[in-house]
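Per-chain numbering from 1; labels A, B, C, D, E and F assigned in written order.
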Amino acid sequence: MNKKVSVYRKEHFNAAHRLHNPAWGEEKNYAVFGKCNNPNYHGHNYEMDVKITGEPGADTGYVIDLKFLSELVKENILEKLDHKNLNLDVPEFAHLNPTVENIAIVIYDILRSKIDEKLDLQIRLYETPKNFAEYPAS
Amino acid sequence: MNKKVSVYRKEHFNAAHRLHNPAWGEEKNYAVFGKCNNPNYHGHNYEMDVKITGEPGADTGYVIDLKFLSELVKENILEKLDHKNLNLDVPEFAHLNPTVENIAIVIYDILRSKIDEKLDLQIRLYETPKNFAEYPAS
Amino acid sequence: MNKKVSVYRKEHFNAAHRLHNPAWGEEKNYAVFGKCNNPNYHGHNYEMDVKITGEPGADTGYVIDLKFLSELVKENILEKLDHKNLNLDVPEFAHLNPTVENIAIVIYDILRSKIDEKLDLQIRLYETPKNFAEYPAS
Amino acid sequence: MNKKVSVYRKEHFNAAHRLHNPAWGEEKNYAVFGKCNNPNYHGHNYEMDVKITGEPGADTGYVIDLKFLSELVKENILEKLDHKNLNLDVPEFAHLNPTVENIAIVIYDILRSKIDEKLDLQIRLYETPKNFAEYPAS
Amino acid sequence: MNKKVSVYRKEHFNAAHRLHNPAWGEEKNYAVFGKCNNPNYHGHNYEMDVKITGEPGADTGYVIDLKFLSELVKENILEKLDHKNLNLDVPEFAHLNPTVENIAIVIYDILRSKIDEKLDLQIRLYETPKNFAEYPAS
Amino acid sequence: MNKKVSVYRKEHFNAAHRLHNPAWGEEKNYAVFGKCNNPNYHGHNYEMDVKITGEPGADTGYVIDLKFLSELVKENILEKLDHKNLNLDVPEFAHLNPTVENIAIVIYDILRSKIDEKLDLQIRLYETPKNFAEYPAS
């Protein structure tokens, strides 16, 4: 019998960023991104929920070992993003605006290649407790 | 390529209300709605998550500007509901019981007409941290 | 040896209220209390922390039995305030403005007479997650 | 017109458990389950969201009366699991590993038989604020 | 000039326990401790705030390095209590009832001997989000 | 009669910062501040509780109008710190390390001069949900 369960693991990282489109002048950037365009950067405590969906193993009762998932996130995501300047320190954002939408997509793309294809993956990323994003959309 | 992302904005308002069906007598109203039927009203800190789903713009990285969404909610929802008596001050509830389900539907209907048709909309409304509703159901 | 410990019990109630000083005219009331002066009332999910300080009993390890404390709060405070209109339904606020400060004082005065004099008591009352009060001040 | 709404009720219970597969030796159990395999048990504050989806009744505005749902959960789930040792006190886990996935499935199966078939049901169960599961997967 | 600041570090552990006084019979134990007396144990996600008070160092701006404090708590408290049965696995509770009051005192006594005497120490321990204790009382 | 009450108002801001002592070399800075020394900055969602203690006014029931306090914090603190780089954009940190301790002291010193001397003031500042500071210490 098919009993799909989703499991979630919460992780967090702290980073600086700036929203900016280099194809636009200073004025338009400020008009669109407001205070988030500060050339000296600002920052956030990002909190993320990694959601994995599949059938629990008959011998473990686990969809995925959440300690293993936590280690995978530490090595592949937190090492890359935690205590970093997203615009300056992270190659994926050299030419991509680090909005909460785009950061969620980048995290998904990295983790997708590390997780068994039989398992579904979704990322929810909180930029602040009031603003957050989910990818892929459900 | 199609990359749909959901973004969320959290807002809140405080209101008084009373659950009541005028077609029923006092006794049946009390039997069904209990303390929520208090004729002098009681109240809540309502917290709402507005969820918008679509593709991030190529030049902004935004599904929707969350500052714009927040302003839209302030003008169309908070002005109408915040620090109000839902039964007495809000025309939509003159003949509609202000349960958390119905308040979520009313908020959705108002916002739906203000937001680009290409974007999907969902409302999650917390009446208390323990009781909440989502419309449309997913 | 003297080992004083504080224990806390969290409880909540939902109520409607209106801030108003009957000695003032409508205009001054609105100038001072703003939207909180709505004559039709608004409301809140009040959350309270009841703090009791004393020495744990040698045979129980309890400063006070928190189940007993919870029952005491239910009977003396929640029965009186939950799902009520503070201005209309609660005699203590017939001539006292139900600000978060005054509600905390009223709750303290009621509980103080029910709790062993050897134990210290303090009330923290949240009107919203952003606005709260503590009585007596520490 | 068809207007499906989801409503949620949050409940909690505290329990001890141990992750263990009796078909494996001590060493393999420790390798797979780590500290969660402690033969003397450890425990959690489990928090659960019960989600019910359907159309609000025309005369009540309720998908389901959340007080009724809360009573149903108390009688059928909390009586069974709260302040219990899941492995020793709960027959469902005599031969089933009490992972957060399996506990969510057990809760779902019990409640499913008690709730009107026209209503959809989903359980979200938090083992800790960082580790949680949802069944059925959405 | 003297500028005392308090800093806090939040940590957590999961444990099983049972409230019991061996000097009493079964009946009295159940009358006093209720469901918490279950002989098969139950458990909690304990969350603790470690509060340190002192003057920030002129060259660091730190009262204490919170990474160092976190390591100290991991080695001396979490190694001892996390994923353990407090009654069976922790010598301090062999003859001491593991109430939230007593666990807070035990944690304080261990950490007090590891932290510079010039710094003040206080422990706040949450057994559940609704029940918590603080030692020493302030 | 003297009835002192404390009231609290929660506010938040997002900022980038870097921990660094210019009197030390690169190696010592990294040894002491670790990842927090990243020359490209990282950032946080800072959350602050502003605590004011005094007697409620006889005609208002307010210790202080929390809307007024919120405006005061917006003008004097959030304008200065929100969406800023603390090291580069805020003169107070040109020669002061922006640790959570020092930021709390700077906020206190600014607000102290704006608030009636009869009222006591305390700042609690969260750098993350796990690390926070309070000034003056209580």
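Here is the rule we go by: a residue touches a chain if its C-beta (ideal position, glycine included) is under 8 Å from a C-beta of that chain, and two chains touch if they have at least 3 such contacts.
From a predicted model like this one, the values you see are computed outputs, not experimental measurements.
Q: Going only through chains that touch each other, what is the minimum step count from subunit B to subunit F?
A: 2
Q: Mind listing the chains that sit against subunit C and also against subunit E?
A: Common neighbours, subunit C/subunit E: F.
Q: Taking each chain's centre as the mean of its CA atoms, which one is most distant from subunit C?
A: A
Q: Could the interface between the copies subunit C and subunit F be described as same, meaning over half of its residue numbers are common to both, or is it different?
A: different
Q: In steps of 5 degrees, what rotation angle do you get fitting subunit E onto subunit F on the CA atoms?
A: Between subunit E and subunit F the superposing rotation measures out at 120 degrees.
Q: So, what's the distance in Å between the C-alpha centres of subunit D and subunit C?
A: 34
Q: If you average the CA atoms of subunit B and of subunit D, how far apart do the two points sit, in angstrom?
A: Computed from C-alpha means, the inter-chain centre distance equals 28 Å.
Q: I'd like the Å distance between the centres of subunit A and subunit C, where a centre is the mean of that chain's Cα atoms.
A: 41
Q: Residues of subunit D touching 2+ other chains?
A: Expected reply: 129, 138.
Q: Of all possible chain pairs, which ones touch?
A: A-B, A-D, A-F, B-C, B-D, C-E, C-F, D-E, E-F
Q: If we count contacts the way the header does, which residues on subunit C are in touch with subunit E in the complex?
A: Contact set of subunit C toward subunit E: 3-11, 53, 56, 59-63, 65-67, 120, 138.
Q: Give the list of subunit C residues in touch with subunit F in this complex.
A: Checking each residue of subunit C against subunit F gives 19, 21, 23-24, 32, 34, 96-102, 104-105, 129-138.
Q: Mind listing the subunit E positions that touch subunit D in their complex?
A: 12, 14-17, 35-36, 38, 40-45, 82-85, 88-89, 128-129
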